[in-house]
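Labels for the chains are A, B, C, D and E, by order of writing; each one numbers its residues from 1.
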Amino acid sequence: MWGEIVDFAYWVVVGLFLIGFFGVLTDTNLIKIAIGLNIMEASLLLLLVRLAFSPGDSPPIVSEGILNYADPVPQALTLTAIVIGASTTALLLSFIIKTYKYYGSVDLKEIRRMER
Amino acid sequence: MIRKSVALVILAILGLLVMGGLAELPLPAERMSESVTSRHILSEGVSDTGAVNLVTAVLFDYRGFDTLGEATVIFAAAAGVVLLFFRHDLPTSRLGLSSLAKRSIMVLAPFVFVTGLYIVMFGHVTPGGGFQGGVVWATLTILLCIVYGTAFEWRFINTRTKTLLESLGAIAFILLGLVGIYRGDFFLSNIAAGFRAGVPGELTSGGAIPLLNLAIGLKVAAGLALIFYNMVKKDVG
Amino acid sequence: MSHLPVMIIIWPLIFAFLTPLVDMVSLRYRKHVVITFVVGQLVLVGLLIFGDSGGTTYYPLGGWAPEIGIVMVVDGLSRIFIMLIAVGTSLAMLYSLADIPDKESKYYVLFGILIAGMFGLVLTGDLFNLYVFIELTSLASFPLVAIQREGPAVRAGLRYMIFTVLSSLMVLLSIILVYGALGTLNMEEIGRQLVSIPHELRVLILALWIVGLGLKVAVIPLHSWLPPAHAEAKSPVSALLSGVLIKTGLYMIIRLPLLMSQGKDEMMIQFILINIAAVTIIGGHLLALGQRDVKRVLACSSIAHMGYIVLGLGIGSLLGLVGTLFHALNHMAMKSGAFFSLGQMVKDHYDFDSVQGKGRGAPWMAAVFLICCISLIGLPPLGGFASKWILGMAAVEAGQPIYAGVIALGTFLSGLYYANIFRILLNPDVSVESVKTRWLSAGVVGVTGFLCVVGFFAATWITDLIKIVAIGIL
Amino acid sequence: MVSFSFDFMGYPLLLGQVDGLSMPFVVAFSVIIVPALWYSFAYHRHRNQSIVSVLFFLCSLGTVTAGDLLSFLVFWEGMMILSAILIAVDTGRRDLRIGYRYLVVHVIAGASLFLGVIIQVSSTNSLDLAGLVPAALPFLILAGVIKAALIPFHFWVPDAYGQISPGIAVILTAFTTKVGVYAIARFFPSLSGLALLGATVAVFAVVMALGQRHLRRVLSYHLIGQIGYMVAGIGALSDIGVAAASLHMFSGVMYKGLLFMVAGSVLYQMKTDDVGHMGGLIRKMPLTFVAALVGAASISGLPPFNGYISKTALKIALQGDPVISLLLTVAAVLTAMSFAKLLWDIFLREKPQCEGGEARESPAVLLIPMLVLAGICLGTGIHYPLLTDALVEISIPPIYSVGSLWESLYPVLLGVVLVPITAIKLRHLARRGLHDLDFVFPRLIEGFTQVGRVTRNTLEGHLQTQLLIVTAFLVFLIWMWP
Amino acid sequence: MHESMLTGILLVFLLVTAVFAVATRYVLHAVLSLSIFGILLSVLFVMYQAPDVAMAEAVVGAGLMTALFVVTISKTTNRDDSA
């Protein structure tokens, strides 16, 4: 099943994904949840860029005398993913500010108690 | 406490399973060799679109529809934030930082603006493009907000101009796309729709890509500035 | 070469981008802009569906070949969903003209972007473009849920957002893995080559698709964001979310896991879907039975009805798919009708105590609400029965009568809580002053009631249409 | 009967198919609707209510004349919705809980019929009514038993008909349970033990009737008793069993309608339903007393009335098994006893302090339908070939022979004689009142709502617990993938 | 060989900052750690020959996100404890 593990980077991608996920699952502070989600997105970006790169490539700017380039398509996808991640986080943070305005706290436990 | 340990166990298993899947991915070089898309773009990218920077070529020509969708994502996020903080504009009258900071920022601001312009306009030649340049402009407005206080920023670029810029940028993008249809080709066609490819490496090369870059740059800058301004302003509602 | 597929997506975008500019001029033009937009949208969709012959048409964006650029695919399945989205969103848009104050200009911007996103979802033939449109629809729907800007609405929006961002992450991971393995993003190409991916990776991708898209369809283990989100939102938004947005999740479940997997994988997916559906039907109805708030009851009944719809997929036969698509259409009409008429009867608080007797305030609205609820329970003279009949038949013909039993149990349970709602709405002891409804919203409510009735009497014609499409897909 | 077919998703629907079995039902429904509608409109003066009643009548006609399973199901559930609306919009009474419980019971019947029809249609791939697949039978039986209010599922009749206003009771009693009998006769007449079940229902219902204080609850239990007779008839092994049962159905519809109208007029005058507070009404309401007398006589099977005709036909059909006929005679005795007591308490007994003082004869507009129905009972009794030949074509020996006359007279005499003997016991029993298992059904609904509340607490937990469930589900999915 | 060693070190630092961002109790420290994370990620993208993405990540990840997070923190702490 494990074949040859291509590179340490894949381990880091999975590690970051788990760390972010752990933050989202266990932290009761909403901002920490936003940070967790951000870390998970970053891990996916890293995976995408890592898939585009193979050792000895050069950046996908066409110039004479260079034969193998990094794959431009995943890098374009990463750009789009970065911007989508940014806007999602911006909206999430404004939701958090709004929740604080109505519930006076950013902690999920207190919000639940407030709601009861 | 139990939730932490349960989460740890489940995430560990998830990590193992995902790692198992990742391990079966082919090597990037091997995948690139037999993938039709990247082989075509790498070989005929420059001749097709006239842009040297292949990432921007992919972003604004081969997969231009993605970029339109994604620009709308920023538009939606900005609209969402404005909707959430929907109170009449009330800029906080914070005085901003010390006069030293204000003086230095006044010197620095034009250079930041020009850098942003450079990134936007030369997107198809050097690394960069509409998004990165737009975000640089947005950070410029954020800088002004922090240093001079939101009151100054409100007078300098008030929200009406920001909304105007944002909408105009978006509509410009769509109009450039419709030119493709008008010229008988498909939506968002570039060279095939009669835009001049020009000499690769020059500023004027790349057909509609620089124009698209500019439209996206304006849009992203206005959108993110709007988001930041609405999040910062004192929420009366 | 008709540019219809692109124009259908661009038209709502133009509306969304122009609305802020029009509002800068003055708010009086809101009604005219919205009505021209809705008319334009219906014309475009009509042209696309009834214009050319059946078959699949491709629209390469930017003129690039399918495996290089992005291509749009219009086949039978997307035609049905385009019709569903067009009707659902037009009704919701017209209804919100009367329900949402005109100064909320960003509401209409987000509404337009949501419509564009849904059309894009259904039309695109490219995997990453599908992800961008998923992101677009989600981002546009979060603030719409929290438009009331009170505590519970914002909290519901936040909960909805965290769940959906998680689902988008899963979908994005699966797309990256697909590109990493196959090197292409064109969905038809992926459909052909998915089998060639090694077992462990393919299982991961399919599982991520099922859970990621399952979160959008709100089947039982992945449902808990739906009741607060659809209950706290205003009536047009909850009608739009319950009636239309969940169905786009269904479209993606058909398009991605189901159509792209073959042999053992497809059997496994159908096994998973049919069992999730059974749990969702019973769980959804029981959830609705335990609620103390009318809109939450309707939201939980949406979960149960998504169970019925996914059940048809799980059965996997031709009749099952016909039942799924027909029930999706029916549910859109019934649920939007229920939310619209409820919105006219009760204006603000929807919990059981403050809703006592409100039904007698607007008798005509109560009548349409009755029609929609009877159709939702699945009683004969209305559309809900027709699609449940097909699903039951499909379940028994596929050799699993137990799932027909689940449908019958569902009918009984939903009878329980809808009868309870009527007992509360028509409570004779509470004196209620009659509520005046504007002609536009009354018209919209009337149309939804009519759609419920048409669902039954025109059932033969509709199912033949769907059967042609379903044969094309399987 | 108009008969046209309408194609629904590939299956031809045949409406208006009248055959031997459904002819008596159609005739009975068409005859009873005129006086019932007249009485209901006169009683309530509520235009919408009458419109819904007409629709309800048409739906029940559609059910009885449905040529195939699907239209049968469509009209069956259409009847259910309309009757629920009828109860909900019932102006006479303020409480919707009755309508809620009524609807829930019938939704169970509807759902099980839906399941039975689906299994039947998908296995035989055709919609015709004959040739039932054993797999579909239990669900059809459940639907028929609930609708016809046989033993375990009879509690909704006293609960609903005992409390809704008479105007609506007259309409509902005439059609709902009779459609149940039609379903039993159509789908599973040859079910073993049906006759025994019918007989026990007849006896059980009449015993319960004796223990009730409220007039309408007594009549509801008698309604169940009569259904028991019909089911016993259907279950009888002889060929004329079903014909005798439909004969009894026809006469039952007539005199049950009459008795409910009498109860309605008494309630209209006395404003109360409690038999204990009535007495001496014979002087105030002579014509109503005459109608009551005709009704009571018909139901106990006294000679000149149609009850006697159908009861004798049933006796002939049930000659085969002595146990059933014995049970039916016991039931006849008890019925006679119960009605004798009723007539005595309400009309003949002198009760000085009862507040019957200002009761006047019921208005003419209410009396006319009562007297019409009394006339029908008498007419069909005397001119019985009208019934036995035109309706159901069964040849039976001369009805008015001495043997059969005595056969039906002695239980009535026995019943009447028993009333004074057990008067004290009866009064004590009436005061305490026999409680049926009415409490079962509200508890059932409460149980379901409780389960709903428990599901809600478990499935709508804390945000992060739900997120954990989602991740666990993903891990489970990947792990158990073959 | 040296740059694969460098990417290795960067990856390790990436993990460290991520763990610190999630583990720490103080939100402000977590946000700062997040912005370091963003910069490290941007440098890593440069190492992986993706300059466009590196620039975008630098500006958005390190610049904009940090600004937004700090604004959120300032607006969600009641005025009495901060200056």
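In the analysis below, a contact is a pair of C-beta atoms (placed from the backbone, for glycine too) under 8 Å apart; a residue touches a chain by one contact, two chains touch by 3 or more.
Because the structure is a prediction, the values reported are computed rather than measured.
*Asks:* Which chains does chain A share as contact partners with chain C?
*Replies:* Joint contacts, listed by label: B, D.
*Asks:* Can you tell me which chain is nearest the middle of the complex, judged by mean CA position?
*Replies:* C
*Asks:* Rounded to the nearest whole Å, what is the centre-to-centre distance of chain A and chain D, using the mean of the C-alpha atoms as each centre?
*Replies:* 68
*Asks:* Where the CA atoms of chain D average out and where those of chain E average out, how many Å apart are those spots?
*Replies:* Taking the average C-alpha coordinate of chain D and of chain E, the gap between them is 77 Å.
*Asks:* Rounded to a whole Å, what is the gap between the Cα centroids of chain B and chain D?
*Replies:* 74
*Asks:* Compute the distance, rounded to whole Å, between the mean C-alpha positions of chain C and chain E.
*Replies:* Centre separation, chain C to chain E: 38 Å.
*Asks:* When you check chain C against every other chain, which residues touch at least two of them?
*Replies:* 128, 132, 135, 139, 142-143, 146, 149, 154, 162, 166, 173, 180, 185, 200, 203-204
*Asks:* Residue numbers in chain B touching 2 or more other chains?
*Replies:* In chain B, 3, 7, 11, 14, 17-18, 20, 22-25, 28, 31-32, 35, 37-38, 41, 53, 55, 63, 66, 70, 73, 76-77, 80-81, 84, 127, 129, 131, 224, 227, 231, 235 touch at least two other chains.
*Asks:* Among the residues of chain E, which ones contact at least 2 other chains?
*Replies:* In chain E, 50-53, 56, 60, 64, 68, 71-72, 75 touch at least two other chains.
*Asks:* Using the contact rule from the top, write out all pairs of chains that touch.
*Replies:* Here the touching chain pairs work out to A-B, A-C, A-D, A-E, B-C, B-D, B-E, C-D.
*Asks:* Contact residues on chain D for chain B in the complex?
*Replies:* It comes out as residues 464-465, 468, 471-472, 474-475, 478-479.
*Asks:* Hey, which residues of chain A end up touching chain D in the complex?
*Replies:* 21, 24-26, 28, 108, 112
*Asks:* Could you please specify the touching residues of chain B with respect to chain A in the complex?
*Replies:* That would be residues 3-4, 7-8, 11-12, 14-15, 18-20, 22-25, 27-29, 31-32, 35, 37-38, 41-42, 45-46, 52-55, 57-59, 63, 66-67, 70, 73-74, 76-78, 80-81, 84-85, 126-127, 129, 131, 200, 220, 224, 227, 230-231, 235 of chain B.
*Asks:* Which part of chain D faces chain A closely enough to touch in the complex?
*Replies:* 462-464, 467-468, 471
*Asks:* Across the complex, what residues on chain B touch chain C?
*Replies:* By the definition above, chain B touches chain C via 17-18, 20-26, 28, 31-32, 34-38, 40-41, 61-66, 68-70, 72-73, 75-77, 79-84, 86, 160, 163-164, 166-167, 170-171, 174, 177-178, 180-181, 185-190, 192-193, 237.
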